[in-house]
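Heads up, the next two complexes both have subunit A, just with different partners, subunit B and then subunit C.
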Partner chain A sequence: MITYVVIFSILAVLLVASALYAVIQKDLLAAVISTGVVSLILSVFFYLMQAPDVALTEAAIGIALTTIIFVITIRNTSRNEDETVDNNLEKF
Partner chain B sequence: MKKVLVLVLLVIVGYFLTDTFNLIPFGENRIGNPQDEQTVAGYYLNNTVEKTSVANTVTAIVVNYRGFDTLGEVTVLFLATTGLGSILFRRKEDEEEIERINKPSSSLMQTGSRVLFPLIALLGIYVFIHGHLTPGGGFQGGAIIATGFLLMLISYKNFKAGHTMLNWVESLAGITFVSIGLWGLLTGGTFLENVLPAGELNNLISGGVIPIIYIAVGFKVAAELTGVLDILLNIKPKK
Partner chain C sequence: METVFIIVLSLMALGLLLGFLRFVKGPTAADRAVALDTMSVIATAALVLLGLMFKRYIYIDVALIYAVLGFIGVIVIARFIEKAL
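Entry: the complex of A and B
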């Protein structure tokens, strides 16, 4: 039981940390990979919580498909976050 | 005329909603008590195995008891794919070769994905054929097959997922789902009624229409997601 709690806590901290990293990071490619890591940890969570079918979905869609679709989009647009959007936000 | 029609529909919907809510006394727990068969959770957990002989209760709920919801979900995915396709799909103009936007990948990647693709496809097919016995089902299996196609699409420049083929697979799977539902309506009385014999627990061919529906859903999801990836990979970058 105590090992379960320890593994769970470490994974939870990693999950929140990589999600925060994805929000803060200006390099969009790094942010996308970081959301992929979020999905990976989330699918481990689903497995630990005895929902293996949800874990399968999260693994296939969250880790592989969504990440690749975002990577393709970044390839077609620009890799760095658009700074003008931030400037616009400051006006409000 | 339109307003009258809307009013009539609203009255019908309102009548059935209040009727349903009047059946349940206010404040009574009808959702989550596994021991009590009067609640939803208890009914599913205690009756699924006997009535449908499906080992995976989640599948029985998703495909049989809540099958109409699943039809809605499949429709949502179909609409999303159609929307993306109508925005991004480029019809091939005369004498023009649409080029894949990715660079050709290394021979290591090509050989690796050629070895991995059949295995991934096999795993996906296993997951949706055994949807009623083991965890997983149509959505999961379809997504796994789509990742296999993704691997092939990004490693081989000449690998093409034919759109006519994908559309046919998708349409036939959708038609199968709806016609099984209508068959249930005609013979059993409700839409998606499980009309086939339930069979023996833990057999591959058991659970009535559940495996057929999940195989159809698997093909549909795989075709749709592969179509999305193919469309995305074939956009021409701005010069």
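Entry: the complex of A and C
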């Protein structure tokens, strides 16, 4: 039982830390990779809560589909967050 | 047998923690991509071990799907860094 508590605590800290990192990071590719880490840890969480089907869906959507779509979006726009803001300000 | 599981799970949690440290520190995006791949492999091994621990062998399918899809995600990031996507 104590093993479960320790594992859940470590995973929860890592989950919150990587989610915060995804929000505050200015390099958008690093933020996308951080989203992948969030999805990975969340999938292990679902697995530990005895829901393997939810973990399967989270793994499929989170690490493959979201990463691919976001990387294609970054390729078509800008990689740096500040540049994007400047472009928007010039446009409007 | 339970002791073995606890020791191995603790070592895997340590490996996950070290991979996360590299992920936070990594100066370039390539470091972070490799850290994500490392964490994904460790998580896959942990999922297999937990399936063995719960004695539900259907759980191992999750690890299988995770291994295949994690590879695809890291390949996409690598192709983008290579400017070849």
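FYI, the second predicted complex is superposed on the first by the 81 of 92 C-alpha atoms of A that agree within 3 Å, B and C clash if a C-alpha of one lies under 4 Å from a C-alpha of the other, contacts with A are read in each partner's own complex, and residues count from 1 in each chain.
Heads up, the rule we're going with is that a contact is a pair of C-beta atoms (placed from the backbone, for glycine too) under 8 Å apart; a residue touches a chain by one contact, two chains touch by 3 or more.
Worth saying up front: this structure is predicted, and the values here are computed from it rather than measured.
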item: Which superposed partner A:V37 touches (first subunit B, second subunit C, both, neither); value: second
item: Which of subunit B and subunit C A:N76 touches, first, second, both or neither; value: first
item: Which superposed partner A:I68 touches (first subunit B, second subunit C, both, neither); value: both
item: Partner with the higher number of touched subunit A residues, subunit C or subunit B; value: C
item: Touched partner set for A:P52, first subunit B, second subunit C, both or neither; value: both
item: Which of subunit B and subunit C A:Y21 touches, first, second, both or neither; value: second
item: First (subunit B), second (subunit C), both or neither touched by A:A60; value: both
item: Contact residues of subunit A, present in both the subunit B and the subunit C interface; value: 52, 56, 60, 64, 68, 72, 75
item: Partner subunit A, residues of subunit B touching it in the complex; value: 56, 58, 101-102, 127, 135-137, 139-140, 143-144, 146-147, 150, 154, 225, 228-229, 232-233, 235, 237-238
item: Subunit A residues touching subunit B - in the complex, by the definition given at the top; value: 52-53, 56-57, 60-61, 64-65, 68-69, 72-73, 75-76
item: Subunit C contact footprint on subunit A (complex, rising order); value: 3, 6-7, 10, 14, 17-18, 21, 27, 29-30, 32-34, 36-37, 40-41, 43-44, 47-48, 50, 52, 55-56, 59-60, 63-64, 67-68, 71-72, 74-75
item: Of subunit C, residues touching subunit A in the complex; value: 6, 9-10, 13, 16-17, 20, 23-24, 29, 32-33, 36, 39-40, 43, 46-47, 50, 54, 56, 58-59, 61-62, 65-66, 69-70, 72-73, 76-77, 80-81, 85
